[in-house]
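Below are two complexes that have chain A in common, paired first with chain B and then with chain C.
Up next, the complex of A and B:
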């Protein structure tokens, strides 16, 4: 039986990990909601953002948090461009299927270019505060993990307010719920979908920066992330941002706690067990279906 | 590709083995291209440095040595054909081993068939010594499981009130990395030091917070990492974040990396690591090797080069003692001599058991005052062993 201190420490680590997962998964579920696009390259963009943060820190000594000033708008524009130039050209009837192939190719392209530019060596940003930590009721919380969690909270809150409180958000949700009806009401759904895609990639820029604060990065790392993230959005219900966030917190916590009895290797399987169970018993996901449409 | 080296006093009697002015030819197959080309070239440089140093000082038994190096393209079939050709057709007098376990095992089998002495620079995996080879000798201080032997002895020799009582182990799922950590674990457990955490992680792990939480919670006195490079750094940073302070911390490979200190925020004081070769080691022949190697190649030798050179030293010692270097009866004399004697090399004195496994251990280095220094064994130490480790 693990000690209380270890359990509490693991719960804290799980919460911090879950927050990061929530941010990383939110963009992925948004793409599917807006366009029925399965975006395999999402995690490749995460790693790209992490590399940009690392590179700017390495070359110019810029703190990763500052690098977001550049990367977030850049990724937003890249997202809009990607949607307008490539994804809209896919035939609607086979869009979901073909988007897997298209974004798979983009992921390979990004991985290859990263390997070409920075080699396959593992990189890590050496921050002055990299090993600093705060004490919380006897457990330790690393400052970098707290910053990453803070970024996730801010980004998700912004996304939520954007979707709920702005005219653009209403238009975006209308596009998610019923594209034809939205168009009949005078919403330029193509433009909205492009911006929605841009927002998805902008979350990848924030997520990648958060990721770079506390982990090693290497070009093929995105394959390590896409599986768990896909599992999260299926469990949460495809297209549902709150569903993805809740599923991310639950699964992140489960992974962290399962590491105590099962070890690192087997704890990773929690995502796939949850994925199989969801597909077998509740294919629409736990927060999908009607809830996703209402959001 | 054939590379010939050394001053060949050619056309002096052809194949006549009794003509003692002939150069001694040594056949080698190395992976100069393919998967192992990097270490393969390193070993080649070690062999070439050895041949040059021997020839410059008058050769072996008064004869010059000549290397005949073939490229096996890191291919196990090719390496067998190469040694068949070298021994059978080219009738070389001696052979040196190739690089890596995967190539050492098949080529050792060929050498065994022809009853040739087979000293090899790299093939440290357990299976090499489980094939029943009678002519094989591994020319390095220790196999992975024995890397930490000096450290284990040191810990177990501490007075009971100072000796650590508990230990935590975290090892990458990799035969070499696990071998080092588990070798130490076995010895410490046998000495009564309790294992509190024993974690294995996949090679691509980037998040070590879970493992670190377990280790920190156990408050183990000793921390042992069966690491390569980045995983060791990540584990240390995750442990620092959790405020864990072990009395002793040892990691394989990672601490000897030039970027290690800055990667963990320069909090390296007291971190230990085993090492097979050090340019600073005070073994008698090492100084000459480092000096002459640097003069020949323009940079100091690393472990691969040292392993190649060591192979040459081992064979040379046997040849000098047995007074012969040719195929046939002589090879048996060389094998018997090595079986019974200790050879002084650039990596320390080497001796072997009946399977060809070296009986030694790696030197232990420790970060002291911002630099990594040899602390064990006592006879080559550059600094005093520091215990307990200062906080990181």
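Up next, the complex of A and C:
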């Protein structure tokens, strides 16, 4: 039996990791809600943002947190462009399948271009506060992990307020719930859908910056992220943001705790086991509504 | 008119078959021959993929993992189980088909999106398992599969070239049979509109599951044959997400609704891949090329080359393309008479 301090540390790390997962999964959920699109390239954009943060720090000495001033609007525009210029071109009848292939192709493109531009070498940002850590009730937690978690919390809260309190958020939720009805009420659903995609991709920019703080990055890293993230959105119920957030926290915690007896590699399988179990016994996920039952 | 286009089709198929069979005697060196084997391997895999992708419209990005499972199943049965190679091949493929039942059970419960997610997860989880479980699979050091025949290298390639060609022919035959059957009709109705198919009484879930298992069997068979041919397995290549995407690219490029679509796609993409590898080496640029090509096909040619070529022929054949056909009165009378005769009989 591991000691209490070790367990507490794992719970804490699991919570911090789960926060990041929740932020990224919320982006994936948004895309799915808006257009029934499974966005494979989400994690590739995540790694792209991490690379941009690393590159700016390496070349100009800019703190990764400041790089978000540039990357977040950039990714927002890229998301709007992606939805308006590419995804709407696909035939509606085969949209779900073809959009998977299209975003998969984009992920390959990003991975290939990153490998070409920065080579496959593993990169890491060396920050002044990179090795600092806090002692919380006997558990040691790196400051950068706390910053990453803080970023995730701020971004998720902003997203929540945006969705619940603003007119745009209402329009976006209406578009997700029933596109035709939303259009009848005078909502420009095409524009709202484009902005929704931009917001989804902006979460990848925030997540990527948070990731770059304490992770060694390389071009093919995005495959390690997309699997867990997709498992999270299925377990939570496709299209449900709170479901994704809860599943992210639970699975992140489970991964962190299972690392004690099983080691890091085998602990990752918890996501896939959860995915298979969910689909076999409760295919609509645990918090999914009407939408999840059909996809 | 119908006969002319039919003759053209039959001629094209005969030409393709003759070209494939004559290739080993025409290949100038063993390297080119080995490329031919690889292309046939891709063609067989992509045709196996098309059982699911073409009939039901469910796109799997994880068939590379099923091929890898077949390869490792065969390899382990030969290397550690001591079974004769071709018995191991069929045993391995049967095992993978059996494993495909629970996978399909989970993946096909709901519609497309979850299926794609499961198919990608399959690749990722199997890569994880086969790399970590080194005591059985050899891990990253690889697994050496003993060769089934005691032959020189060119002869070895030649024998396996014909084995792959035979397997491809078998897969094509089964695809053709399903295509013409009632079962195939049910599968295609799932592709067109799953709700309506279900409402009309098609057992959609069972149909999808059966065809997924058939597809997994052929994929694993091809993978196992690859293991016997290549003789050295590495998890990174066997459980690569790229393999799965190549198969999808080939089938889509050729045309998923056509019997020979995946074969044509495999010849184009497989040759291009090998050329690219030879000319530029192993750079990240092949990812860029694959991604770009896949995006272009999805955006502009989702039906594939074969239908595009057929459309081109139709454009030259005026009688079929114009919506208002020029028909003389006598022709019209002949047509009516024929119809009346048919009705009287």
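One rule holds in what follows: the second predicted complex is superposed on the first by the 289 of 295 C-alpha atoms of A that agree within 3 Å, B and C clash if a C-alpha of one lies under 4 Å from a C-alpha of the other, contacts with A are read in each partner's own complex, and residues count from 1 in each chain.
As a working rule, a contact is a pair of C-beta atoms (placed from the backbone, for glycine too) under 8 Å apart; a residue touches a chain by one contact, two chains touch by 3 or more.
Because the structure is a prediction, the values reported are computed rather than measured.
Visitor: Could you tell me whether chain B and chain C fit or clash when both sit on chain A in the superposition?
Guide: Here the two partners, once superposed via chain A, fit next to each other without clashing.
Visitor: Angle at the Cα centre of chain A spanned by the Cα centres of chain C and chain B: state it in steps of 10 degrees.
Guide: 70
Visitor: Figure out whether A:276 sits in contact with chain B (first) or chain C (second), or with both, or with neither.
Guide: second
Visitor: According to the stated criteria, A:133 is in contact with first (chain B), second (chain C), both, or neither; which is it?
Guide: first
Visitor: According to the stated criteria, A:193 is in contact with first (chain B), second (chain C), both, or neither; which is it?
Guide: Neither partner.
Visitor: Counting touched residues of chain A, say whether chain B or chain C comes out ahead.
Guide: C
Visitor: Classify the contacts of A:265 with the two partner chains as first (chain B alone), second (chain C alone), both, or neither.
Guide: both
Visitor: Figure out whether A:53 sits in contact with chain B (first) or chain C (second), or with both, or with neither.
Guide: neither
Visitor: Could you tell me if A:122 is touching chain B, chain C, both of them or neither one (first, second, both, neither)?
Guide: A:122: touches chain B, not chain C.
Visitor: Classify the contacts of A:238 with the two partner chains as first (chain B alone), second (chain C alone), both, or neither.
Guide: Only chain C; A:238 stays clear of chain B.
Visitor: Check whether A:40 is in contact with chain B, with chain C, with both or with neither, and answer first, second, both or neither.
Guide: In the superposition, A:40 contacts chain C only.
Visitor: Is A:96 in contact with chain B, with chain C, with both, or with neither (first, second, both, neither)?
Guide: second
Visitor: How far apart, in Å, are the nearest Cα atoms of chain B and chain C after the overlay?
Guide: Superposed on chain A, the two chains' closest C-alpha atoms are separated by 7 Å.
Visitor: Under the contact definition given at the top, report the residues of chain A touching chain B in one complex and chain C in the other.
Guide: In chain A, residues 224, 265 are touched by chain B and also by chain C.
Visitor: In their complex, what parts of chain B are in touch with chain A?
Guide: Residues 173, 199-202, 204-207, 209-211, 213-214, 216-217, 229-230, 233-234, 237-238, 240-243, 262-265, 267.
Visitor: Provide the residue numbers of chain A that touch chain C in the complex, in ascending order.
Guide: For this pair, the touching residues of chain A are 32, 36, 38, 40, 86, 89-91, 94, 96-98, 100-102, 104-109, 111-116, 120, 219, 223-224, 226-227, 230-231, 234, 238, 265-266, 268-269, 271-272, 275-276, 279-280, 283-284, 292-295.
Visitor: Mind pulling up the chain A residues that touch chain B in the complex?
Guide: For this pair, the touching residues of chain A are 2-3, 5-6, 9-10, 13, 17, 122, 124, 126, 128, 130-133, 135, 140, 142, 144-145, 215-217, 221, 224, 255-256, 259-260, 263-265, 267.
Visitor: For the complex, which residues does chain C have touching chain A?
Guide: Its residues touching chain A are 57-59, 61, 102, 105-107, 109-114, 116-118, 120-121, 124-125, 128-129, 131-132, 241-242, 245, 248, 252, 283-292, 294-295, 298-299, 302.
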